[in-house]
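Below is one structure. I have some questions about it.
Letters are used for the chains, namely A, B, C, D and E, taken in the order the chains are written, and counting of residues starts over at 1 for each.
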Amino acid sequence: MLNYFKEIFVGIKSLLIGMKVTAFYGTKKTITAHYPFEKIPITPNFRGHIDLVVTKKGYHKCISCGMCERACPSGCITIEAVKPEGAKKKKLTGYTLDFTKCSLCGNCVETCPTSAIKYSNDYYLVGTSRHDFHFDLLARAMKAAEEMGIEWTEPVEKPKEPTEPQAEGGESPAPAGA
Amino acid sequence: MDITFSSDLSAYVAIADVTFIAFIAMTLAGGLVAILAKQLIHAVLGLIISLIGVAGLYAFLGNYFIASMQILIYVGAVSISMVFAVMLARPPEEVKQKSMRLATKIALGVIVGLFTAATVGSAVFAHRWSAAAKVTSGDTPVEIGIGLLTRNVLAFELISLVLLIAIIGSVVIAKRGRGTGKTVGGEEL
Amino acid sequence: MIQPTFFGNIEVYLLVALILLSFGLYGLISRPGLISMLISVELILNGAGLNFMAFNTFTAPDKTEGATFTLFVMGLAAAEAAITLSIAVAIYRRFRLITADNLSGMKD
Amino acid sequence: MQIQSPNILLIVVAAVVMVLYVFTNSAVLVWVERKVSAHIQRRPGPFEVGPFGLLQTAIDGLKLMAKQLIIPAKADKRIFMLAPVLSFVPPIAALLTVPFGKVVQVQNLDIGILFILSLAALNVLAILIAGWSSANKYSLFGAVRSVAQNIAYEIPLLLSLLTAVLWMGTLNLGELVDAQGGFWFVFTPFGFIAFVIYFVTGMAETNRAPFDLPEAESELTAGFHTEYSGMGFGLFFLGEYTNMILVSAIATSLFLGGYNLPFITLNGEGILWELIRVLIFLAKAYFLIFVMIWMRWTFPRVRFDQLLNLCWKVLIPFSLVNLAAAAIWIKAVGG
Amino acid sequence: MIQKPDPTQETLVLNMGPQHPSTHGVLRVVLHCDGEYVLDAEPVIGYGHRMHELIGEVRDHRGFYANVGRMDYGGALSFGHGHILAVERMLPDLEVPERAEYLRVITTELNRVASHLLWFGAFLLDLGAFTPILYSFDDREAILDLLEHVTGARLTFSYMRVGGVAADVDKDWCDGVIAFVKRMRERVPMYHKLVTGNIIFRKRVEDVGHITRDMALKYGCTGPVIRGSGIPYDVRRSEPYSIYPELDFEIPTSERCDCMGRYNVRWEEIEQSLRIIEQAITKLPEGPVMADKVPKVIKAKGEVYQAVEAARGSLGYYIACDGTTSPYRMKIRVPSYSNLSILKELTRGILLSDLVAVMGSFDLVIPEIDR
């Protein structure tokens, strides 16, 4: 009998304590960010999709070795490169990333021998079709260079080699990109 | 007893008449649904409509207390337990009866119903009902309550006894009908 | 002074009560199910209650008697409904059917 | 028998006003509920549409009206459509007898409290046939729960109201309020216990958390209104909020002195006094609703058998003893 | 497999799921109900099956690593930890720097706290309380902020690497972790006030879902489920790995054996994880976070079984290699699978509401079962 009343008393008390907690937080400031108006600052370490690094000279560092392509478990990287007649190195003509398949493991970035790719900070990615996420990274790099105010210049090969026509190399990838 | 109104209330009386007819229509239509519906749940809903109509008639008779009790007890308790039983028992479609027997039954029902209606009706309408000589008390809940606990106290106690027995009995019946010693998880359900 | 066409007449109430009674009788005889029969009984009881109230209002010298009896009828109806429904549920549990005709085997 | 005042026109006008009030009330209450719950959960709640998001509910209502009404193929269509209306109309009719002020009361019935209770009994019927006609097992479970719950909580609810009726000696809501005056019934020990019991059972009556068993989202998805879309669901929603205001209005009139301040009886004449009284009444009623919302967003849901246990083993004994004690007190001391 | 309903019995077959608010994913439970009583509950799994084990046999070890976090979205780091430890055991020459191992433990324990907070919110949501999940997510967000800062992601971290971890931390981050531990310890009493003491909550979870010791052992339950039945089995102590032997922490158990026991154990575990984090962060040695000589291509031979203690229990990777770059056979033993299989026996004759509570107390993550 005593237990019966004790339980009622303890129960009511516990309910009141719970209500006190919610009342306490009810009077405090809200902690949410109102998304379209406010944005939470994103950590610089954020791992977005990959991007080609734009050097100070205004070019990428990719040597078209294909390590990233092989390291990628999902096969989302496609590299197109040509070896111009007489040139020593391959020249990158297309670097496409199929972000719909990417699992953000980071293997490509870590295997790259020249650190030519990095994670982008592209947090607010939206698109209306899956084709919006087929990125042409070369075009993106050119655009990034433009935004940074650096002229996209292909480095001149060693002078003894006969040079290929310059203008074509830079513009070969499709202008429409991300 | 005659109910009269001052003549400037004619519109009010007309509206009241229309409402009254509406209540009668509810009562009768609900009753028809209750006895004719194929699905049992429709029959119960018809009964509920009929009961609400009767409650309206009680209100027209000037006794709001009984009207309220009608809704509270009949609609709130009896009908709901009926719907509940229908849901629990999930009775089969009633048309599965042999059509031959059903037809006889319907004919029998019509005959008995009409016969009763005719005999009782003739008796009712042959008599000219007149008001009682004098009114000794009102019809407020207070009066009814005093009546229940003084003049009708025996009936009142009997009714409460009957209700108690009904509750206990229904619990016992419904519990015993439940399965044949079916156990789940070591305890009998 | 005017008189209402309908609701001031005891005959209207009595007629409605009578129709309810005959509806109930018809249902009680023609319907096979236990719950349908219960519904019909409720209709009959309502007819009775309406009669009580009509007489109470129009002709009774004591205005509480009819109301008291109607209350009693309601109480009885509730008790009866409780019992009938529990029987119906119990029978359904055992025999899987609740038609009154087929209950002759309920002797064990 | 002579009928005196033909106030049928008044009733019609008042009914229209009441329907409008019910709609605005629901809109405001939905907004309040969302705001309160949001702030308890440390988020802002609706704030985009209109000032402080006040028009959010209006927009939501518009959306509900524009939505397609889906009736399940196996549903009993007529009953399916009837149920939301049945859950929505009776509380409005019951509100007609609530004394918001001395004059602002559409119809003062001698048996006002009984009338309200009889209409409130239809609520469970609406839930029952909604759940049954949906042809959905979850809905059926919700409906069955609703009935069993109803049987359990109606008894302590009636007993606690009976205590108040016994104390004041009338069923008339206006007289109940006047009988209390400034000394609210809740100030007496009997009144306090009855009030607590009434409040708990009232929350069960409105099917709100922690007693939202018929709709129990995490168990029965949405219980009895799983299959309702568009305005069918909207009407259930309106019915729920109307029931809330009804329950708290009864609590206000029977236990919290209606439109009277504590220890001060407001008897002034005139429009201004009446306005003050209505405001006091509404303030009390909405405070109770606020507490209901606050509780909803704090507590977990009780289990089904626990609610029955609570009602049968705690609330009914307490309310019975309370009623008996109040009766003895009245007989011994004289009220 | 699934019992056919017997028409002569009064049972109602209720399909709870695959879409149901309290199955936490695409789990279907076929319930045979007598009224509200559950006579039989048969979990049907496989709606979200993605063949993770087969993917592990097709991809190389590094390539598969990104997938393991996807199995358990709540505690992705423990899954990664187990996989990396298993792969590293097949490379005997590999010397993993101590700092990397400490970082793995710190992040994993942080992730465990986050996972338990997620469970706490979801469990209370199952019981019908809406507010606690937002409070617990407030704390969980703080953890995710910390983890995002070091791993770069908020849910599927992919932080660890064969031979170390992907990124180093700085002093600020360590201070942030210590600040978080302090903050979390201040918040815990609030949770207990709001939920643990609440009479409704207690009535809902006490003496519900009683798992005896024998039952727990028979079904191979692990994690808080077995510890809630009073058996102090924790892989971190019984099969020590990583740096756990150097750390001082206890294995919380509860003799209650019911949902309340499992609830209490999880809260105790949060405390113990905070202790581990605190110790590890003070002991955190200087040095590199990646081993010097990590083979570019991992070609291992032999088989290995590595178990770790994930947030939901013992998680094991069995990897058999035949000398090629990808495993010959990969088998993952996930905790939720064993914990779920007890459901059928446990829920016989309990109420529908209790079933929801019991399933909530298991902390099921369905992608882990349907891996």
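Definition applied: contacts are C-beta pairs under 8 Å (C-beta built on N, C-alpha and C of every residue); 3 or more make two chains touch, one makes a residue touch a chain.
Remember, it's a predicted structure, so these values are computed and weren't measured experimentally.
Contact with chain A and chain E alike is made by D. Chain pair with the most C-beta contact pairs: B-C.
In terms of the distance between Cα centroids, chain B is separated most widely from A.
Comparing the CA-atom centres of all chains against that of chain D, the greatest distance is found for A. Mean C-alpha positions place chain A and chain B at a centre distance of 74 Å.
With centres taken as mean Cα positions, chain D sits 32 Å from chain C.
For this pair, chain B with chain D, the centres built from the Cα atoms lie 27 Å apart. Annotation for chain C: residues 93 touch two or more other chains. Residue positions 40-43, 144, 297-299 of chain D are each in touch with at least two other chains. The set of chain A residues touching two or more other chains comprises 15, 18, 21-22, 25, 31. If you check the complex, the residues on chain E that touch chain A are 59-60, 62-67, 70, 131, 135, 138, 145, 148-153, 156, 158, 161, 166-167, 190, 193-195, 197-200, 202, 296. For chain B in complex with chain C, the touching residues are 1-7, 9-10, 13, 16-17, 20-21, 24, 27-28, 31-32, 34-35, 40, 43-44, 47, 50-51, 54, 57-58, 60-63, 65-66, 69-70, 73-74, 77-78, 81-82, 84-86, 88-92, 94, 97, 102, 105-106, 108-110, 112-114, 116-117, 120-121, 124-125, 129-139, 143-144, 146-148, 152, 155, 159-160, 162-163, 165-167, 169-171, 173-174, 176-179. Residues of chain C that touch chain B in their complex: 1-8, 10-16, 18-33, 35-36, 38-40, 42-43, 46, 49-50, 53-54, 56-65, 67-68, 70-72, 74-83, 85-94, 97-99. Across the complex, chain E is touched by residues 7, 10-12, 14-15, 17-18, 20-22, 25, 31, 43, 45-47, 71-73, 103-107, 110-111, 119 of chain A.
Those residues of chain E lying in contact with chain D across their complex are 12, 14, 20-22, 35-36, 124-131, 134-135, 138, 194-195, 198, 200-201, 203-204, 351-354, 356.
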